[in-house]
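Both complexes shown next keep chain A, but they swap its partner, so chain B is in the first and chain C is in the second.
Now for the complex of A and B:
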C-alpha cells in the first residue's frame, strides 16, 4: 500500500522553478520523439528553438505571437487565482474582435486618430460583456462557469461565421467569407518598417504592469488571492464574493477582447473566420506555466509562442510534421502538472511502516 | 563603349553564375491549408508536389497553415529560406501571398483560386471544375428515380455557384423534371456537418448526393443510405465503392511540374491559368459499372466533347430562376461571366445566401 499525503512545506523557490523543469523535460521528451521519428534530435531541436529567433524578423514574429497569449493569460490569471474557471477566453477574444471589428468597419472609408482608440475600446468592452455572461449566470443562478464559458466559445465563433458570410461580407468580395479591409486608421501602428510587430505589444505590457499592481498592491488583489486560497475564509472575512466574481471575469474578458482586437487590427486587417488559432485555449497553458504571476506569464507566453514558430521552421527545414507543435504544448502542460503533483504531495509506502511496527 | 561592354560582361557572368547556382539549389515550396491526409483538396495538392519531386526538383511543404495571421509568416519564411517558387494552395492566402511577393521580387509565387496579381511575380491558377460538374449532372439526371439531386455546398462564391448551375443545366438536358436541392454548410471541411447535410438531403428525397466540400463523409453517408454519390477533389471510390458513380479529380501535377521547370529554366512568366478537362487539370475517376455500358459510353463521349470544346457547359439558352435570359440561344457564357457568376439558373431551388 502506498499513501499520498499533502506536503506542508512547499518551498517557494521550487514552486517557481518547476516550470523550468517542465520545459527542460519537454525539450528532452521532444528530442526523444524526434529521434523515434528518425530525425537527428539535436538538429531538430535547433530548428525548433533557435532558428526561428535567429534574426530580427523571427524575434518580431515571436513577440507578435506572444502578445495575444500574454494578454489573455494575464486576464485568466485573475480568474484562476480567485478559483473562477474561465475556459472561454477564445470566445471572449472572438466577441471582442467582432465588436472591435464592427466599429472598424463603420469607419472603413475614413481616416483619423480617434478611430483606433475607439476600435480598441470596443474590443475590450466586447470581451468584457461576453465574459459577464458566465459570471452573472454563476453568481445569480449557480451555473458551472466552466461549461458556460466553454459553450459560449462556439456561440461567438458561429456568430462570427454568420457575420462574415452574411451581413458584413465584403460587397466587392465575390461572397468570400471575409469583410472589407479596415482603413489604415483602424490598424495598429507598426513599430519597425518591414516587421509585423505592432503597438499591441504595449497593451500587453500595460496589462502586465496593471495586473501586478492590482494583484499585489490593492485590496481587490488581496480579496482575489484569499478567495483563491479558501472561499470559506473569504466569506468569513466578509468579502463580497459576487462582485469579485463579476470583476475578475470582466478583467479576463477585456484582456481577451483586447487580444482579439490586436490580431484583427494588427497582422490581419479585416474580419474573417480564422482570426485566432485557438489562442484562448493555449493561453490557459501560458497562465499556468507562468504560475499566474504577471512576469512569469511574459516568460511563459514567449516559450509557448516559440513552439508555434518552431513547428513551422522544423517543417520547412526538416519536414517534421507541424503537429509536433501541439505535442510540445501538451507536453509542457503535462510535465508542469506532473511536477506540481510531486511538489505538493509526497508518496508514502505504508507497507514499510507496518513492517517497522511489527519488529 | 568599353565601359558598357564590361558592364554587360560582368552582368552576364553574374547572371550565368546565378542561374547555374539557382539550378542546383532550385527549390519549390508549398503551403497547404489542411493536413496532407485529408483525402480531398490538400491531398491532391500534395500529389502534385510529389510529381514535382519525381521530376527531380527539390520541394518543401508546410501543412495546416491557418488562413489568418500565420500564413504571411510561413510564406515569407519559405521565400527567405531559398525557395524560388512558392505555391500557396488556398484562397485565404491571397493577400499574404501578394504582400510577401512585393518584398521578394526574385521569388515566383503561384496562388490557387485567387484573383489578385498585384506584382509581376504572382500568378494565379484554378481549374474549370464546372466541366466535371456537367458530367456529374448528366449522370445524375439519368440515374435519379426521385428527380431530386442533393447538393452540399460550402460558400456562395462564384466557383461553387458555377458548379451548381453547370450540374443543373446538364441534368435538365437529359431529365427536364430535375430539381436541385442545396444545403449550405459554410465550411470546406467538417465531416460532421457534411454528413448531417447529406442525411438531411436524403431525407428530403434526394437519391443522388453531390458535394462541394472536401471530406469523405457525404459519400460514406450516401453509401449507408443506399443512394448515389460523387467523389470530390480526389478519387474517393474506396470510401463508398457501391455508391460513388465517379469522382471529379483535381489533378494539379502536370501544371505544377510545368511551372516548376519553367521557373527553374527562367521561362516563367505571370499568367492567370484556368485549365479544365482539355489540359487534364480536371480529371474523372473510374465510372461505376452500375451506370450501365450505354450511359458510360455517353458520358465518355461528352467528356471528349467538353475537352475538345465541341460542347460548352454553359451553352444558351440559359435562364435565371425568374426566367430572365442569361445566355442567349446559340451563345456560350464567356470567362468573365463565369468568373463572377452569382445567380442560380432555372431549376435550382432556394435563394443564394446573402
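Now for the complex of A and C:
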C-alpha cells in the first residue's frame, strides 16, 4: 500500500531541481514525437538543440531571443509572486512598442544621443500604462485580471495593426503594412560587428539585478512575498493591498514595454505587424521554469530561447513548420507543472517491514 | 449598394454561419467553467479539432468519421488538461495556456502534409427550400447539420443546467465543491467529465472551420476564435442563452467588417475587430462591481484547485 500525503514544507533542493526533470522529459517527449512523425529522433533533436548554438552567430541569436523573454519574465515574477495573474504581457509589450515606436518616428530624420533614452523611456511608460488598466479594474471594480489582461492583448495588437496600415504607415512604403525605418540614433547599439546582439541585453541584466534587490532586500519585496503566500496574513499585517497590486502590475508592464521597445529598436528597426512571436505568452513559461527567481529566470530564458531558435533551424533542415517550437514550450510547462506534484505531496510506503513490528 | 430584403436574408445566414464555432466552443467551455474549472486551452483544443477533422477527412474520405474523430481528438487533448489540473492539482491558468501553446504547435506539426489539399463539399440540408423562399430561405435552410446542432446547443445546455439533476450537480460542484463533496458527490469525476465535454465541443468547433466554413487546412486557422469564445462565456455571464446572442453579435461584427471593407467604409476595421474584446471588458466591469451580482453570475470556485485529504 502506498499513501499520498501533503508535505508540510517544500524541500528547497527539490524546488530548484524539478525544472531540470521537466527539461529532460520534454527532450524525451520531443524525441518520441519526432519518431512518430518519421524522423530520426537523435538527429532531429541535434538540429533542434545543438546545431543552432554551435557557432558564434547562433549564440548571438540565442541571447537576442532570450533578452525579451528574460525581461518580461522578470516583470511577471513580481505579479505571480503576489498572486496577481497578469497574462497579458504580450499586450503590454505591444503597447510599449507602439508608444516607444511613436517617439522614434517623431525623430525619424534626426540624429542625437538624447533620442534612444527617450524612446526606451517611452516604451517602458507605455507598457506600464497598459498594465495599469487590468490593475485599476481589479482594485476598484473587482474584475478578474486574467480575463482583462488577456482581452487587452488583442486590443493592442489590433491598434498596432491599425497604426501600421493607417496613419503611421510609411508614405514612401508602397502601402506595405509598416512604418518608416527609425533613424540610427533610435537604434540599440550593436555589441559586435556582424552579429545582431544589441545593448538591450544590459537592460535585461539590469532588470535581473534590480528585481533581486527589490524582492530580497526591500520592504516592498517582503510585502509582495507575504501577500503571495497568504493574503489574510498580508491584510492582518496591514499591508496596503491595493497599492501593491498597482505597483506589481506597473513593474510588470514596464518590463514588457522595455522588451517591446528593445525588439523594435534592436533587430527590427521599425514598426510592423509581427514585432513579437508571442514572447509575452512564452515568458509566462520562462517565469515558471525559472521558479520566479531572478537568476533562475536567466537560465530559463536561455532554455526557452533555444526552442525558438531550434524551431527555425529545424524548419530549414527538416522542413517542419516553425510552430514546432511551441510543442516544446507547451511540453516544458506541462512537465514542470506535473513535477510540482512531487513538491507538494510525498508518496509514503505503508507496507510494514518485519522489523517495524518489534519496536 | 441596395439593401434589398433578400440580401439581408443572405447576410443573416452568413452571420449565423460565422457564429457557429463560437457557439460550439463557448457552450463547451461554459459547462467546464460552470463546474469550477477555467480552461484557457480553448484555442489549442479547437485547432487540434480542426487538423484532426481535416486529416481524417482526407485519409478516410468519410465526413462522419472526420466529425466524430475531431470531437474525440478534442477529448484526448483536454484529457491532458484534466489529468494535470484534477489529478496532479496544477494551476488552471498555467495549464490552459500550455495547452493552447502546445495545441497550436502540434497541429502545425501534424498538418504539415495537409497544407494545400482541397477540402470536400459538406452536404447541406434543405437546399431547395433555400432558393424558393425569398427572405427566410437563406436564414433557415441550406445549412450543414452542425449549424443546426450549434443553434440547438445553447437551449439544450440551458435545459441541462437548470432542469436536470446532473446539471444541478455540475453547478453545485462549481459553486461550492466542499459542500458538494460532503453530499457524496465525487467532485474530481464531475470536473473531469465537464473538461472532456468542453474538449469535444471545441474539437467540433475546430472541425466546423476546417471541414465546413473554409474547407481546407491552414496553419493557425482558428485565428484567435478560441480566445473570443472564452471572452464570450464571460460576456454571457455564464448563461447559455446569452452565449447564443453574444455569438451572433460577435459573428455579426466579423461579417460586417468584411462588407465594410468591401464598400470602403471609414471606420477602421481593426476597431470593429477589437469590439468583442472591449465589450467583454465592459461586461466584466459591470458584473464585477457589485459583489452580489458576481456571486449570482460567476461559478464561485472558478479556477480554484480542489483538494480533498483522503
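Heads up, the rule we're going with is that the second predicted complex is superposed on the first by the 337 of 359 C-alpha atoms of A that agree within 3 Å, B and C clash if a C-alpha of one lies under 4 Å from a C-alpha of the other, contacts with A are read in each partner's own complex, and residues count from 1 in each chain.
Here is the rule we use: contacts are C-beta pairs under 8 Å (C-beta built on N, C-alpha and C of every residue); 3 or more make two chains touch, one makes a residue touch a chain.
These figures come from a predicted structure and were not determined experimentally.
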| item | value |
| --- | --- |
| Touched partner set for A:341, first chain B, second chain C, both or neither | second |
| Which of chain B and chain C A:151 touches, first, second, both or neither | second |
| Touching partner for A:313 - first (chain B), second (chain C), both, neither | first |
| Most chain A residues touched (candidates chain B, chain C) | C |
| First, second, both or neither for A:239, with chain B first and chain C second | neither |
| Which superposed partner A:323 touches (first chain B, second chain C, both, neither) | both |
| First, second, both or neither for A:161, with chain B first and chain C second | both |
| Touching partner for A:275 - first (chain B), second (chain C), both, neither | first |
| Chain B versus chain C as contact partner of A:49, first or second or both or neither | neither |
| Chain B versus chain C as contact partner of A:174, first or second or both or neither | first |
| Set intersection of chain A contacts, chain C complex versus chain B complex | 161, 166, 319, 321, 323 |
| Interfacial residue positions of chain C with respect to chain A in the complex | 38, 40, 44, 80, 84, 88-91, 93-95, 97-109, 111-112, 219-220, 224, 227, 230-231, 234, 268, 270-271, 273-274, 277-278, 280-281, 284-285, 288-289, 291, 294, 303, 307, 309-310 |
| Parts of chain A lying in touch with chain B, wherever the complex brings them together | 57, 61, 64, 161, 165-166, 174-177, 194, 196, 263, 266-269, 272-277, 308-309, 312-313, 315-317, 319, 321-323 |
| Complex contacts: residues of chain B adjacent to chain A | 29, 60-70, 72-74, 76-78, 80-81, 91-92, 95, 103, 115, 155-158, 186, 340, 342, 352-354 |
| Residues of chain A defined as touching chain C within the complex | 4, 6, 33, 37, 85, 87, 137, 141-144, 146-148, 150-152, 154-155, 158-159, 161-162, 166, 278, 281-282, 284-285, 288, 319-321, 323-331, 333-334, 337-338, 340-341, 344 |
